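Data first, discussion second: the structure below is written as structure tokens.
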Amino acid sequence: MKLKAIADSIGARLKGNPDCLINGLSPLERAKAGDLSFLSHRQYKKYLGTTGASAVIIGAEDEAACTLNALISENPRLSLAKVAKLFEADSTLPGIHPTALIGENCEIADFVSIGAYTVLGNRCKVGAGTVLKSRVTLYDDVKLGANCLIHSGAVIGSDGFGFANDKGAWVKMPHLGGVSIGNNVEIGANTAIDRGFLEDTTIGDGVIIDNLVQVGHNVSIGARTAIAGCVAIAGSTSIGESCLIGGGASIAGHIQIADHVHITAVSSVNHSLALRGVYSSGFPAKASAVWRKNVARFQYLDEMAKRLRHLERLMEEE
Amino acid sequence: MKLKAIADSIGARLKGNPDCLINGLSPLERAKAGDLSFLSHRQYKKYLGTTGASAVIIGAEDEAACTLNALISENPRLSLAKVAKLFEADSTLPGIHPTALIGENCEIADFVSIGAYTVLGNRCKVGAGTVLKSRVTLYDDVKLGANCLIHSGAVIGSDGFGFANDKGAWVKMPHLGGVSIGNNVEIGANTAIDRGFLEDTTIGDGVIIDNLVQVGHNVSIGARTAIAGCVAIAGSTSIGESCLIGGGASIAGHIQIADHVHITAVSSVNHSLALRGVYSSGFPAKASAVWRKNVARFQYLDEMAKRLRHLERLMEEE
Amino acid sequence: MKLKAIADSIGARLKGNPDCLINGLSPLERAKAGDLSFLSHRQYKKYLGTTGASAVIIGAEDEAACTLNALISENPRLSLAKVAKLFEADSTLPGIHPTALIGENCEIADFVSIGAYTVLGNRCKVGAGTVLKSRVTLYDDVKLGANCLIHSGAVIGSDGFGFANDKGAWVKMPHLGGVSIGNNVEIGANTAIDRGFLEDTTIGDGVIIDNLVQVGHNVSIGARTAIAGCVAIAGSTSIGESCLIGGGASIAGHIQIADHVHITAVSSVNHSLALRGVYSSGFPAKASAVWRKNVARFQYLDEMAKRLRHLERLMEEE
């Protein structure tokens, strides 16, 4: 492919040789002649001078420093996504695999792909262009919008974890709600999304959810929120639009999280967050010997605080 | 359905119009005429005066404050479970789906439901009334009691994570045990329960386990213990009866946890807990700028404690 | 089986009666006549005097204290693995189950076992002696070496969680890489390993990965590293050889971890670790009332540190 054709296809400005031939995409530090590359992170800028790439996707701010053929973009990461799309050889075809099982009264739109051994319960809806990979389960009453992508092993619509306690024994709360998922939603491998108790668990348009995420019953997730791997969201919690939830984070049940909240990886949210902003509660790992000493002191932090206050009073009295 | 019929069916005391017609169940704040509703949490009590519901399930303590038709119950949550059961339209039928695969020498009791693409190894037992949803795997030698419910994607009886180290290389410990699960157990979607090394991993009667939970080899879980989503239980640990393990909690291997222990969400237990009670180790997320400052100080907490002690000594000497 | 035959088979030194008959393997505290047992942990040494076992596997350091028939081994745990292998009745047979689906242009070596409802995409390779249990998914371009074991529910090669942001909307980065897995690798139930963006996600020889682990795109894991259950590894991170990653640990993206690093359970690593050693960030659960007091103080730790410094200055001035 000629660089000019790529530039035109993705809407980037070309600097350099329009006839430069591009055979593939490659990271800067391992790119060779014929490769188009990119600057994914500032830390890789040092490779711009030494890369073997024939061309590179960059932002205007790096144009002066770049002596290679370049595609100049206002959003280089978006341009990279568009180029990768040109080189993709996706084997997913529209159609329902003969081993896929579709329950009663389901509505499957056009251009849907349903993979091998995927099982749909009754009264499910799947919007146009949506892809369910192999080995997905939709329980009854799961609605998927258009252009969604559901990865293998995902289970959507399993019963919420709701029980009454009858003198020590757990009595199951039958779950009468389903799951409603918007358009352009991606759901990762082995992720589980529970059905609602009386109303649907709801996932807004453009939400992206990574692998091994747990979404409890009656949860609502606003449009364009991104949820990284291994996040756990307990039941009846409402998350706003355009939030970022880092990997391994945990969110308690029955709370409300505002729009544009960023929860950093492995943080644990146990109360509502009414204001946009960045929230954290993770500790970085340290050498264990040091860590253990500090943890041991932490067990007495309340006492330390009181002793500090006591000393302050003694000093004030002097 | 008339309110009187519901009251009789669930054993609640009726206050108000016995002929009131009920068409469905709905949360207080969105209930309309024809709906039966309930007070799931004290924070919703404010809606009791304004709800459009035709009737409400409450405890005796709220009877005076309630001017609606009401079902008065000693255990309103249990009554709610019973009412939801009346409105349930479960599509699960007894029977073995034609695509389910049953290994050799299995014993499948009556009234069992085994879903599509579910695979049972050899020598498995499934008790009466037990339901395995679609896409469940039981390895060899897994015994399930009566009236259990196993959700899609669950894997029961996979090899425990046990290896010997032979000069740097890992040598697998073959696992000769199986898994024994009692009656009335529910196991969530994509949960994994490993087989024992020599003896069975055991799960007692009435245990409830949510989605994406990991139960290691040789673990024993006492009757009626509840385990929320994304909990990790390492191998050879014994958990007592009627425990509550909050979502995202982690429990180390080779420890004993007494009956009636409550571990709050995201806590990490690394030593035996011999006494009933509530245990925690989670931190709530805070604004990241504040959080980072405190974390930075934490790295020097041991030093701070020593400096505090030093100051105290100086003061004592004066 | 005679004890002598077992000793010869596993290469252990026999002490006592070579004709002692062994029918099975059992833990020390529950072993009976005919059982071979072992000392798995120092805490069980007390049972050596009272066990009903007919023989025991021990190290030379316990030989003097042991009056039973014994198999003396330089690596008792390795000997135990070898003995367990003798008693194993594994039902896994080589062969491709008739319900397994193999994509186009796959290369399947000899002595491979592929279980029921397992799905392979296009251009996958499976090395000799490798076992894929039932209900595994390999996406396109996944290469498995020889003698690997992949447990049920594992998903290998799902799309990495990579998106560009286009004015608030997420645009998927098509993933052109695959997954390359070495020889002698074990991957646990319901574990997910994402494909790389341009190059393969790579897992070295002899790596062992437990259940419900998340491995992000472009991750590289060095040979013989062991990863316990529920670990989350974010994208583009490189982990060295012979590392130990404890259960529930989280590892951030775009970092490098040296060889022989041990990360203890539930720790969270958010920066590169260039030196071998043991690293931690977990807190052990404590009685909640005490825990909450200390957490409340932690919110003011930075302030406490400043107050302490202030007191020190006052003392210095005196």
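By written order: A, B and C. Residues from 1 in each chain.
What we mean here is this: a contact is a pair of C-beta atoms (placed from the backbone, for glycine too) under 8 Å apart; a residue touches a chain by one contact, two chains touch by 3 or more.
Note that this is a predicted model, so its numbers are computed, not measured.
Rotation angle for the C-alpha superposition of subunit A on subunit C: 120 degrees, rounded in steps of 5.
Two copies of one chain, subunit B and subunit C, form a contact in which under half of the residue numbers belong to both partners. For the pair subunit B and subunit C, the distance between mean C-alpha positions equals 25 Å.
Within subunit C, residues 117, 135, 153, 190, 212, 230, 283-284, 286, 298, 300-301, 304, 308, 311 each touch two or more of the remaining chains. Across the interface of their complex, subunit C is touched by residues 101, 103, 117, 119, 121-122, 135, 137, 139-140, 153, 155, 158-159, 161, 163-166, 168-176, 190, 192, 194, 197-199, 212, 214, 216, 230, 232, 234, 250, 252, 254, 263-264, 267-271, 273, 277-281, 283-284, 286, 290, 293-294, 296-298, 300-301, 304, 307-308, 311, 314 of subunit B.
Put simply, subunit C touches subunit B in their complex at residues 25-27, 30, 41, 75, 77-78, 80-82, 84-85, 87-91, 99, 115-117, 133-135, 149, 151-153, 184, 186, 188-190, 206, 208, 210-212, 224, 226, 228-230, 242, 247-248, 265-266, 282-289, 291-292, 295, 298-302, 304-305, 308, 311-312, 315.
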